[in-house]
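Okay, so subunit A shows up in both of these, paired with subunit B first and subunit C after.
Up next is the complex of A and B:
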């Protein structure tokens, strides 16, 4: 494992993994990803992380420590300042490399932190990433890897407005991608909804330009990318869905504001909305009961 | 004198504090029997006892069974349920059976509390207490015991208060210290109990109802509805009349029975899964272990009837490891 670069399966993984995987592979860098989140990873992260940080950050640390146990010496922890022009993401992403370094032994380990900063647009961000890649090859090779990686990123496809009027229920599922993508943290909510024959719509299925335009209807600009995407998806889909479910991470600052706006907008529009907070103590019973009751409510409303 | 068997639907609600069973007449929708049993941490025992008591109460022909409550899975496995539903749906269905115009259901049980908003006969919104169980029945039980009064007398004593004290109800630990402090200052038990009722209502309205529009008719359900002090404090805070339906402490079970009846009509011809009242006489046990198949270490529970496995749950995957012999 010594020469492998470890990629923790958390936070940025759910935003950019296809890009980084392709970028590093094109430069011939061997990588290893930590296993899907399990109880042990959550416990490991929660036991070590400082008090007060959010669940996804604790779990990220659990992934880092799991990789370290496997013998990984070099960790890939991007420092993300901004992923969309004139927007920010959560400040924890900004401090992530320093946060991780604190928990690793100083001797024998290193952290690779490309800086992602799109505040001044994509070109400026690309330059920094290509500069980061030059440690594995020439500038030209790195630029080529960048373009290969850009092409590898799956495109969002709009699937709205279809099947309207069919008996099937449509639910808009909102939340950070690292919650919606991690089936341990979200307690398999996607499977639960799909078992109930519900069509699930998420913000990442909708092109960002559409999300931006829809979020523009709000009285004030939202400068957190994830929140802007959630609210954009809400504005875009409110009339097309039977209900909205929001997953929020306990102790997440932006979520505490964004989820409240979601609740209010849904209530104004008369669309049922369910807000669920997840933390490392989340019981399966309460979680399942809420989802089940919410689905019952949607089914009974529709039948009426 | 031998009587014809009555056709009934059995509703079961296994909660943290009480296990309730009702029999719903399949023709008249009347409640023919109602049991409110303390779960006492032994839901299997409570279920078996309930089955024995129901059998002694009459001759029943069970057409269908509905289970609800936090122990609904357990109840469904042991007595054989046709419908297994969450408490919110069950409580809403029961409220609508009692009053088809019901617009708000306030439910405070042993360890959880909920609010259900109903518009035009359909649930339109709901909320449950999330992280904290402050202000639920268990806390009232504890405090009554600490003050040396029976929880049945709690409400009537609180109603005698002329000058309720202010108690911090946000957290039960702080509420208890506050109560002790007020006692030491010399306030009467009635004033402290009335203050506690107001604190619980404040906590409920800010923590569970959270600004939801509470419209009449308002139904108050769950074991805590027996407490006239809480009901009075609710009415005072809401400025609305709050109705406590008959069977208020078994509305979950009533709802489960109604749901069982509904589902039997929608799937006519199929027989009930009811295991029979004899289940109350059989040897029921549960075993649990931690699965060692993967790092998730799921807690597996297996329910046994007369030594044979009846049901198994708790695993995140389809193939938990069997219990290893010790």
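Up next is the complex of A and C:
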């Protein structure tokens, strides 16, 4: 495992993994991804991380420590300053490599940390990523790897109108990608909804330009990418859906304000909205019951 | 237009003067109390950070005193403060308070709305009144900080416990009344003299402890449970690393023309944190490292629960502490923070440092 570069399955993984994977593969760098989140990883992260940080950050740390236990010496922890012009993800993404470094033994471990900074546009960001790649090959090879990796990124092309199926109920599911993508943290909410024959709409099914335009109508620009996408999706879909479910991470800064805005907006529009905060103590039973109760309510409401 | 604004330490003194110079009727909210906090917690999102809750409480108290407009600052992230005003606007609207909210932020954010808000601020006396209003507010801001700095030095040396607090309150009261540059300057001189009068010239401060952290919790005595005073009464001279004067110079004056650089801070934090993470996170790490090297006896970091930039700093500070052999105490405050536990932790921290230093701070 010594020469493998460990990629923790958390936070940025759910945003950019296909990109980084093909970028590093094109440069011939061997990588290993930590196992899917499980109870042990959550507990490991929660036991070590400083109290006030959010659940996904704790879990990320759990993944890093799990990789370390497997003998990984080099960790891939990008510093994501911004992925969309004039927007941020959150302060944790800005400080991620420095945060993680503190929990690893100083001797013998190292952190690979490309900087992603699209505050001044995508070209500037690309230059920095290519410069990062030059430590594994020439500039040309790195630029080529960047190009290959860009092509590997799946695009959100599922339009709403195409998605209109035969399902009786349509639910808008909002939340960070690293919550909606991690079926341990979200208790398999997608499967639960699909079993209930509900059509689930998420923000990543909608092209970002559409989300931007919809969010642009808000009185204040939302400077967190994920929050802007959630509010954009809400503005875009509120009239088409039967209900809104928001999954928020405990102690997440943006969520604490954005989820409040979502709840209020849905309330004003008369659309039922369920807000669930998840943390390391969230139990399966209570979670399932809340979803079921909400779905029952939607069904009864629709029948009226 | 009866205008109000949020409290943050003594910023209400320059704030009130600024708005009065522009010809507005100003409603300064009562100093924050437990009631303010309870009001705020009732209406703010449960998981929002503490400053938002206290501010909402303050706005509602000002409303009861007849205010109809709130002046807030905005921002562009990544810290939550930048989005406060929008959430506050929605909460106040949903409560049906009729409170209007004016937001000052970078002009390019939303030019039309900001021009509108600035116009409303200037509509009484016009732009002619602005230079003087800025000047008076600036002088008062500097005066407040000068008086508070003096109080930091006087507290560990005061003859009887509590004298410094009374002298500072009186000095700030006089400063608030002053309305010309000359009277402001006199208020500072007289206030500082009065403060030094309550100090015992034979007493020396036992320890020097720097306070770093999130700006609102550092500056607002209600939220930090009078941290500076508590430390002062334990015989500690507090070094305040956060200054509104500096913030205005950096972020408003230099920042508006793109001249504000964090290079120096980054150099100070090198090896621990590579750059800005929003709020005062970088400052916290950089200043702790600087002051530790300069030989300060200890550092207290204070932050609201779940404050993102400060949580990153909090995770990093133990490394600084270990490298410099410097005692650091991180205090997290929220609406459940109790006075007794807070005091005990401070006393234990000060005891620990004094034993290291081979002195005894109190008793």
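Just so it is clear, the second predicted complex is superposed on the first by the 297 of 304 C-alpha atoms of A that agree within 3 Å, B and C clash if a C-alpha of one lies under 4 Å from a C-alpha of the other, contacts with A are read in each partner's own complex, and residues count from 1 in each chain.
Methods note: a residue touches a chain if its C-beta (ideal position, glycine included) is under 8 Å from a C-beta of that chain, and two chains touch if they have at least 3 such contacts.
All values reported here derive from a predicted model rather than from experimental measurement.
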### Message
Both complexes share subunit A, so when I overlay them there, do subunit B and subunit C fit or clash?
### Response
fit
#### Entry: Touched partner set for A:41, first subunit B, second subunit C, both or neither
first
### Task
In the overlay, answer first, second, both or neither for which of subunit B and subunit C A:261 touches.
second
### Query
If you stack the two complexes on chain A, which partner ends up touching A:277: first (subunit B), second (subunit C), both, or neither?
both
### Task
Answer with first, second, both or neither: which of subunit B and subunit C does A:53 touch in the superposed model?
second
### Query
Of subunit B and subunit C, which one touches more of subunit A's residues?
C
### Query
Is A:110 contacted by the first partner subunit B, the second partner subunit C, both or neither?
neither
### Task
Considering only touches as defined above, state whether A:86 meets subunit B (first), subunit C (second), both or neither.
second
### Task
Just the number, please: smallest Cα separation between subunit B and subunit C in the overlaid arrangement, in Å.
6
### Task
Using the superposition described at the top, list the residues of subunit A that contact subunit B and also contact subunit C.
277
### subunit A partner contacts - residues on subunit B that touch it in the complex
70, 85-89, 120-126, 128, 130-131, 294-298, 316
### Query
Which residues of subunit A touch subunit C in the complex?
49-54, 79, 81, 86-92, 94-95, 97-99, 102-103, 219-224, 248, 250-251, 253-257, 259-261, 264, 277
### subunit B-touching residues of subunit A, taken from the complex the two chains share
35, 38-41, 184, 188, 267, 272, 277, 279, 285-286, 288-290, 292-294, 296-297, 300-301, 304
### Query
In the complex of these two chains, what residues of subunit C are touching subunit A?
45, 47-49, 52, 74, 76-80, 82-87, 89-90, 94, 109-110, 113, 272-279, 281, 303, 305-312, 314-316, 318-319, 332
